[in-house]
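Dropping the structures in below, format is structure tokens.
Across the two complexes that follow, chain A remains constant while its partner is chain B and subsequently chain C.
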Partner chain A sequence: MPLKHNWRDFQLYVITAGGCHPGRELVHVMEETLKGGAGMLQLRNKTGSRQEVLREAKELRALTRAYDVPFIVNDYPDIALEVDADGVHLGQDDQAIEEARRLLGQDKIIGISTHSLEQGLAAERAGADYIGVGPVFPTNTKPGRAAVTTSYVSEAARHIRIPFVAIGGITLDNVGEVLAAGARKICAVSAIVGSEDPARVCRSFLEAIRSAEAGGHAIRIRLNGKETTTSAGNVAELVEQLGQGNKRLVAEVNGMMIQRSDWTSAALTPGARVELIQFVGGG
Partner chain B sequence: MLVHDATAQTSDTLVIGGVPLNSRFLFGTGRFPSPAIFQQALEASKAEVITFAVRRVDLDHAEDDSILQHVQDRKLIYLPNTSGARTADEAVRIARLAKAAGLGNWVKIEISGSPVTLLPDPIETLKATEQLVKEGFTALPYTSDDPILCKRLEEAGAAAVMPGASPIGTGLGLLNPYNLSLIIESANVPVIVDAGIGSPKDAAEAMELGAAAILANTPVAKARNPVAMAKAFALAIEAGRLAHAAGRIPKKRYASASSDLAGSLFGEPQSDNGGGIG
Partner chain C sequence: MLNHTAERFADRYSRQIRFAPIGQEGQRKLLNSTALIVGCGALGASLAQHLTRAGVGRLRIADRDYVEPSNLQRQVLFHEADALAALPKAVAAAEKLRGMNSGIHIDAFVTDVNRHTLGPLIEGADIVLDGTDNAATRLLLSDACYERGIPFIYGGVTGAEGMSAVLVPGETACLRCLIGDEEAGGDGESCDTAGVLSAAVEFTASLQAIESVKYLTGNRSALRGSWVAADLWRFSLRELQLPKPSESCSHCGTTPAETSIHVGGPSYPVTLCGRDTVQVTLDEPLELDRMREWFSRLGCEVVSNRYLMKAMLSPDHRFVLFPDGRILVQGTSDPEEAMRLCRRLLPAGALR
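Up next, the complex of A and B:
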């Protein structure tokens, strides 16, 4: 049964991590992510038996179909075929893209994790439908793998033509940096399925991605200790938007004081910690 | 007038961090009933140094007022305090922020060690003083009335030391005049009695002990008439200063008449017995 929409439109990709939500049913947690707007779902179970993976795959296939969201199986092309998943996701150590393609046919989605632009370009040439770009930040989901930082994200944004998904250690606190580096598709694992309210976290991720897409204007910053979304591009705009422009204020961005004359050139980046300080009566 | 001449003497000008001051009243700006009353009280106090606190802007209330808007036309020395700081690092950060705002390089180091008494944390206060002096600040630490600590602060480079008379806002006056006089006796920098002053009488008492200046806020701001009280403080501080310079009499256990008894209308004429009612 083909998807009713173009799977390439997805913005938020969620991967299972049963270990992140002990005591809560996998299907229940993943349904929360779909309610929150996840646009692609992957089953990744590196520790379970084939039987267990097959059972989970069947459940998630039924679930994702109900939400018309593409369903990807990690590592098991045979299970992907058996449950009629929309595709498979491969690692650099798994079987080659060409081999998976022979097995699955032209219509299935084949994605692969890449850790450098070289690997990304190679995957593109080999016929991958999308690539994962990461880990952007160090992550417990893939311990021991060096983070590729947002520099590979920027390279991918410039040079990769197929859809690419930034992945690895991405949270609501740092997603701004990833978006600023040019990513428009985000994959998060523990930040979503490990949270108390996966649907809410998904909505917040999507809000961040959409505002980045809307021109990179709305960003999340920490203003006087509170998480805030702002469309201000610099400190001067921020102060003006807050209706504080006529006051004698001190602005601090990421612990650095900004002289008033420099407010216009002090660009606000996602995740910036901004303190606006004034002088009040005291003895 | 004699009073005028006495205060005009340049030898009695208070100098803090190289800056000469004509007024020995450092004026706290908190808790006034209105900006207008604050301004009038400041005028009446003749103070040249004002203190204030550094706080995050209340973003939920855009109209929330900033004290400096009301004093922009005046020529004042700004003494931002570091209230709210619990450590030396926090105090240093606040001091740097105030300096960055172009408020000069004076700072009142105020590091509370207890939310109940608001008494200063001596260790952190000394650390912050050392650091801020190193960074070129004119550091005025608010400290407990410990003579040794005040000496250590002076050695660390404090431009003045500011022992409290009693805890902030209590109005209990000079709880330990003995310690204060020891501090004053041995200090080589101005001693400003800060905190706990309740009325002009306390201010005069501290000045008579030899304090160089008084920092007061609550007893003026919370008086029934803050403007009149500001003037009363200014007069008391001046009176206390003059009295200190004039030299008070030693205390005695028994009366001593202020007129010689010689020539008394009632006693036997004698050559060297004093008498007469004072």
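Up next, the complex of A and C:
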């Protein structure tokens, strides 16, 4: 069953890590990530039996189908075929891309982890559909592998033509650096599935990615006394982004009240102090 | 008799006159001024009390509503007896105010303030004070004030929050520029949904009253040029600097008005914000005597006084009729339903 949209549009890639959420069902945690807007989901289970991986693959296939999100299986092309996954993800030590392609056919997605520009270009030549670029930061998910830092991200942004996903130790705190280096697709594992509220974390990642995509104009402002990151360029956009467009508000920027008709011309600059206050109308 | 009273109360304003920025001259100006207070609920009653005691010479109070038990917690001029008698707020307020100061002239108007009724009320007023509870009437008042070059003293209160601003034609932007037009969002939380504390009312009314006294005593340079937003519960108080009039605005700026556009004003039928009440305005006055007979014959319990008549239609619905042709349909916020009730229950020909 083909996906209804172009899988290459995904912005946030999530990977399972059962060990990050003891006591919570894999399928429930992963459904949370889909509710939060994850656009690609990979099953990675390096320790379970084939039987267990197959069972998880079946469950996640059904789940991702309901959300129309591509489903990728790490390592097991045979399981990918059996559950009709959308593709497989390979490591540098796994079978070659060409071999996986022969097995899966032209329509399946094949991705591969790369740790240098050389490997990235080689994967592209070998017919990979996307590459993972990382680990950007040191990570417990792949212990022992040296971080490639954001410099490989910048190189990938310049030289890789197929979709590339930055991965490895990415959290909401450091995703800004990765985006600044040129990544527009992000994969996070423990930061998402290890959190109390995976859906909310996904939404925050997407917000960061989208504001970077909007031209990297995300700035820090002080909104009603709280530090806030926003990609809004002016008061009107800010009110819209906050979903407050239907309320009667008064707006202040740096101590000055802003006339309603000037909201679109009232530019927000880094560090601006903005107050949005509900008009008080009782009497 | 009056002279006698005046003599007895010769010292009435002495403490106010002793306040240097006011003095004899300021007091004289105050006694020579005319203020219009629109809405005599919580804010309006407190404002009226401040201005009456301060000695504003002519006070006009306009309100469309009547006193109910739920008003007594914060509307300082009303007594239990007013609620039991369902007296119109303007009438009940004027009676108390006259007892506080017989040396000034107080006019009470039991009326909806809209674009048809505002003209005579605002004629000759030096200042307009906001005691209303909805954005549409405030916008109407702001427009009218800017048209006539008189200041509009906005105040609003909900919960423990209050806001106030002195809007002066030629000096500050008008309310329409600041909060947007009638379509720019709902009225938000109202006192009926979020409650309201009397101390927050008094705080906000004080902000309005002090600026009014400054203006009317000729202390214009002392006017506070900011929009105040206060939360008395968390205690926070913000002052937002008010912008200048907007060139492109037809009210506070220099752009001529588009005459084809009618601005503001609740018209017919209008839902009263958060009140579970719709106000229907008839083209003609209502004869209360005739209505009392009519509704009694329909089997409704009827309560009436000189100013209004209440008819209990059902446990959930009632009509409150005013001689000026207004009917408050209580127990619904749906204009359609209100109109259906009016069509069904009023004498034929009342609704055209």
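The working rule: the second predicted complex is superposed on the first by the 220 of 283 C-alpha atoms of A that agree within 3 Å, B and C clash if a C-alpha of one lies under 4 Å from a C-alpha of the other, contacts with A are read in each partner's own complex, and residues count from 1 in each chain.
Operating definition for what follows: a residue touches a chain if its C-beta (ideal position, glycine included) is under 8 Å from a C-beta of that chain, and two chains touch if they have at least 3 such contacts.
Small disclaimer: the values here were computed from a predicted structure and weren't measured.
When both complexes are overlaid on chain A, the residue A:Gln51 reaches neither chain B nor chain C. Of the two partner chains, neither chain B nor chain C is touched by A:Asn6. Of the two partner chains placed by the overlay, only chain B lies in contact with A:Leu223; chain C stays clear of it.
Look at A:Gln106: by the touch rule set out above, it reaches neither chain B nor chain C. Of the two partner chains, chain B is the only one that A:Leu276 touches; chain C does not reach it.
After overlaying the two complexes on the shared chain, residue contacts for A:Val250 are found with chain B and with chain C alike. Within the superposed three-chain model, A:Leu242 lies in touch with chain B and out of touch with chain C [touch as defined at top].
By the touch criterion stated above, A:Gln259 is placed in contact with chain B and with chain C alike. Once both structures are placed on chain A, chain A residues 247-250, 252, 257, 259, 275, 277-283 are touched by chain B and, in the other complex, by chain C. By the touch criterion stated above, chain A contacts chain C in their complex at residues 246-250, 252, 255-262, 275, 277-283.
Partner chain B is touched in their complex by these residues of chain A: 223-226, 242-244, 247-250, 252, 257, 259, 275-283.
Note for the complex: chain C touches chain A at residues 39, 41-44, 130-135, 138, 155-158, 161-163, 173, 177-180, 184-191, 194, 196, 227, 229, 238, 240-243, 246, 248-249, 273.
Across the interface of their complex, chain A is touched by residues 28-32, 38, 51-57, 59, 62, 65-69, 72, 80-81, 83, 96-98, 100-101, 103, 168, 195, 215-218, 221 of chain B.
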